[in-house]
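Supplied in structure tokens, the structure appears directly below.
The first chain written gets the first letter, and so on, giving A, B, C, D and E; residue counts start at 1 in each chain.
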């Protein structure tokens, strides 16, 4: 017995590991797979045991067990139910026991309303035809970047207007910023491969770009965050676009913190910082304390890349997001990326993740509307992210006004993530959010990229199906087309903000 | 919230005498009447170009009023804003049906009386002024609706079968070098006279068969440029888009099909570099002006007409030629009915506009 | 030598002209009449390039730069050496705030004072070790978040009323070292930074940099070295290690 | 010919290849019976682990198999599929094959009464795809032409 | 074309298989003085004590229909007496002539009986290199209660063990200080000594038999130390020598064996030699010498066969290697097993012994006792003169395996991308 529970720091286990000893063949596959030391084999007793207190419910053991001997179950809380305290008891105890604030990962898990689920899509009936996407052309190609209000031509009919740089997407879905550091090498590899195959982009996140991944040039967006890790000219040059990260949905107003133990040799090389040292991203960019400073940074990047790349500014969805967005556009951003509060993270203080920010649906609606009112919507493309779970979320986002969406958690789920929310521990049993070279092997880039490609292709097909149902064969005709959305179960005010009619009207 | 749009099926027809010959409205009425099956008696209309040669310098406002009060309110407003050269009730025949009243005003913008008013209509450009005035009346004055506002042209439309509308407005008595007509099959807002086609703004007039599935996207795009879509129908976005793109952005009319019915990416990818650049830029910049969904339209403009299909040809359009006259309609029969021996008949390709214009000489004569 | 008149030229054009000149193999550039143009030297990776600036250059001078030498014959503004990777910037005067933010390589010499947040989040990696030498005094938050590199603060003009460094010195520092000529009060220093004695190795480093500083600005080396130096280092490379606990 | 390709970068050290091999070469070919109620065969593949390296290896079915040359009774032979296999009725457990196998992947089964038995991958003659390949959860083993 | 093969054992069989891979039409004729199918020589001790019978298919090297399938004509029980290389024929004992186009000599070795008095006794003095000898010994077993085995080599030790297990009181006399002298070092040999002692074999080391006394049968043997040992049987297992009887008068070049080139061809065109009789290249000593071990005989036979069938395959050389078990102890050894000059790594624990001899970062020999399973990897290293400087530290780990190799190398190697 290598470990013994101690009541001093006890909180009830979240999961029960139920093991059918009659089926168990002692192959010990589960023991090898548990990266949280919750499973062990006792040679003397020839038995596999569990420490449930250490189980995080990642389900890796159950997935790998060849004889289905393992069932992971959520354990009932032992406490007497109390509505207002329920969900706070253990957190409070942990703070008291360890003297630190809990860090969590993945997206906000509180039951705030999901507006996507209150919006319904339209379909054509009789008066205009629905289109069969399997046999008729159906276009999802999307260009992101600043567009002029109109184009001018030379006498010979060729273009006089010089368009500013754009990025071209075959489908309006990109992989959102997830850094090498938060994610394992193989996951980045998978995202890059999939983006390349499908014709979209993945985002390096703030951790720099490993030399090996320069091969994804043409399908990568590079991020410049406050920590400026691994940011230098060659890095900027690889990106098809450069994203300035001001905020992130899961932790608006909070910097990043990659603990020293995750700063492995390759991470250290990629981020260009010493191994084992904390990688601290300050909360703000310390050269951006005001909107004109943002303009300064945007143009610094444009100057550094000689105006060859669109600049994305990523902001978290917060209360006055519309006004902020307007300022960002006027500061010279070519693309604005808005991240809703359900967006994922590798690590965020729980209090921040669960309480700061607003839903992407509302933020997107107000930003799009505000930019249109100001007549500057054409000057910028909008990327919505943070809680896009399915293809119809994408359709709804575009109908609300997005040009494209970012998916993060959805991509990770596709390659194995079970949302056990342990990214911050670096022990991801699925090999996704870990730098342990042994664990990260669990993601096979061939399999994972295949799954991502499947996901994107299927979503694309689903989007086409829905567009076909609406009688639209080009994605630009869906953009901002809020008439194709109707609300169910929303208040007047919600509908006003979303700019949509109630179902039936 | 004015978000809903009209849904309707339709028939369309139109022709232009490119030599500038003026012909009466009898032919166009016959032509559109032939396609009775395409309408349901709940809307029809005509646009005629070259009908007011005596007032060709002036904007001809066709205004429809629900009642006398709305007329008074409107005229008070017009008096403030415009020099009215001439005005009066439009000639109509008596019909046994409740109908709005129609007036025509030949006007030109005038110096504004107050500074505040000058600022209200920021632009001093006459066309822009008329557009804003039209938008203002349609949106702000109850019971008044500007049917058309171009020069030397007019729109006649209402609830009824084409023959009823033709009869009401005595269109047999007008002489025009170009006519378009519409027969409507609405499923929404059927009782509203303003909802009939053609839709018109300045010299633009649009008759439309089909439905613009991208209406929501087009509408919000236009709203960004201060157009107000008030008429509860998708067709008006076409008129406004034309106004924005051709008049304001100075985009060549010949290429409007490349925006409205933009080529598919698969086709663009096959093009030569220059064309590829051109079309890619258009789709990038004017993506929100792409007309999606099934449509065929006939658009009248100063000195010409064009017909256009959606890019995968979900609605019908036939074009024909006889001498110097070019015809377009939803069905060939509608043309054959008024001209027996056509020189040429063809089906326009999807997304490729058919444009017919007055000869230069004729243009000089008419305008 | 290639002279460019920057009077009333917008930065976008000025910088394009600079790049164009470099493409035409003009490596010794003199900019006259500079007044507030941003981004001079930004993103240039050619280490043969030398840019002399007459006038006050604007913000983000030498941002993302990787090689060139920039000489500013006057004061400079904010954001100098932002995320700089290599090269040298010499300022014959004072500079504004946020000097050398996230700088990763190369060196900066400032003759006089620097504003707030100098050397913030400066970092080192392997052979890349950024160095900033400041002749005058620094504002508050100097060395904030510093993760690597060397900051040498000489305070040649310090006085009773003008302390060599402002408050919150080395806040969040988790790497690198700050050498300060003379003594500093513990009050201004972050509680998780420490004052250490200067080692021989450090001393060589200081001497080399001070010598270069004195050569550039024609200052008496012995006068500078007449006072002892102290060294500010972080307590740990993981100062926030215990702040967070795994949740939920 | 096709052999089991070893993609060590994908090996997650789960031992399921061994489990599958044991099952496939058991009497019942039923996993639970094989492990709990029958004499458990020896796995023909071997998982090695040396953090962070892990991989499974098994017979490479060499073109000029030294084990076949070294066999003193002709028990080690190439079958009609081209696989190098052991005839258990001929093997006398002299381990000459072990001595000569350049991959070191032949194992000793010493449970027979008189003769030991060389045990090695036979590429699962009853299956289209070897059991280990099918069982691998991460394509660390694939069945490929070499 | 007619191919004649002298000898019918491992090298011959492999040669036949190799020839038939390339050439299905040429005539092949095998001549052997034994009248049996090719069989497994190492099993002769087992045959003697009866834990394998002549009807067990294990005993035979190939199945019964092998010769028919390979379309090979057999001339069995006939001894070759001379080769006429100029006229391309061979003469048999009975003066029969057999013509050939190509000739392969694989006649193996003959037992070496050291000079000692009484070795010519008809009954009770045995050797054990072929079936005939084994049969003779087997038949004689009821007469033997006590037996002296002369020679502690592979056959000697094995037969001593088997006879002891059979119930005979065995004395093993070995000239050197340990059994299996060239194969094992002292430490490893000790394991064998212990195993033999368990079976009550009496070991006499550093001594030799100078005389076998007796009338018809031996009654005692006299050692050079002067000691005498009562016995009623003697097995002489001192070793074998290449069988060069019929090449003596020919122009085929011989040394200790028939000298062959890298293609297993002798100095005479169209005459090849392979197996124990041949003197081929040894990679460890970088010179030619006979290495009478089975895997090399097979390899040489195969290569000779391929070259006879007009391929052009080079023999890359071999080196001594042995796998054996005495009692419960299994050992595998290769190359040089004992040396004063070489770098030596060794470890002994838990009844496991590992020893490696390294010359200039090249492995030149090794012994594994107990855990022998990964021995082939070392074989491959020796054969390929693999640079072991970076990996040798892991040789002593009992879990030695590919996991200790450099990754890039391992990946290529395991997927057969490099030899």
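Structure notes:
The rule is short, and it goes like this: a contact is a pair of C-beta atoms (placed from the backbone, for glycine too) under 8 Å apart; a residue touches a chain by one contact, two chains touch by 3 or more.
Predicted model, so just to flag it, every value in this text is computed and none were measured.
Counting only chains that touch, the fewest steps needed to get from chain C to chain D is 2.
Shared contact partners of chain B and chain C, listed by label, are A.
Greatest Cα centroid separation from chain E: this falls to B. Contact count check for A-B and A-D (C-beta pairs in contact): higher for A-B. Chain nearest the geometric middle of the protein is A, using mean C-alpha positions.
We define each chain's centre as the mean of its Cα atoms; on that basis chain C and chain E are separated by 79 Å.
Centre-to-centre separation between chain A and chain E, using Cα means, comes to 68 Å.
Work out the mean CA point of chain A and of chain C, and you get 36 Å between them. Taken residue by residue, chain C touches two or more other chains at no position, since every residue touches fewer. Multi-chain contact residues of chain D, defined as those touching 2 or more other chains: 54. Of all possible chain pairs, the ones that touch are A-B, A-C, A-D, D-E. Put simply, chain A touches chain D in their complex at residues 23, 25-29, 32-33, 63-64, 66-67, 431, 436-438, 441-442, 444, 446-447. The part of chain A that touches chain B in the complex is made up of residues 124, 127-129, 131, 136-137, 139, 141, 143, 145, 147-153, 157-159, 161, 163, 166, 372-373, 375, 377-378, 399, 401, 470-474, 476-484, 496, 499-501, 505.
Listing the residues of chain D that touch chain A in their complex gives 7, 9-16, 18-20, 31-32, 35-36, 51-52, 54, 135, 137-140.
Listing the residues of chain D that touch chain E in their complex gives 3, 5-6, 8, 46, 48-50, 53-55, 57, 60, 62, 66-67, 69-70, 72-75, 89-104, 106-108, 114-115, 146. Every residue of chain C that touches chain A in the complex is listed here, in rising order: 11-12, 15-16, 19, 38-39, 42-43, 45, 59-60, 63-64, 66, 78-79, 82-83, 85, 98, 101-102, 104, 117, 120-121, 123-125, 128, 144-145, 147-148, 172, 174-175, 237-248.
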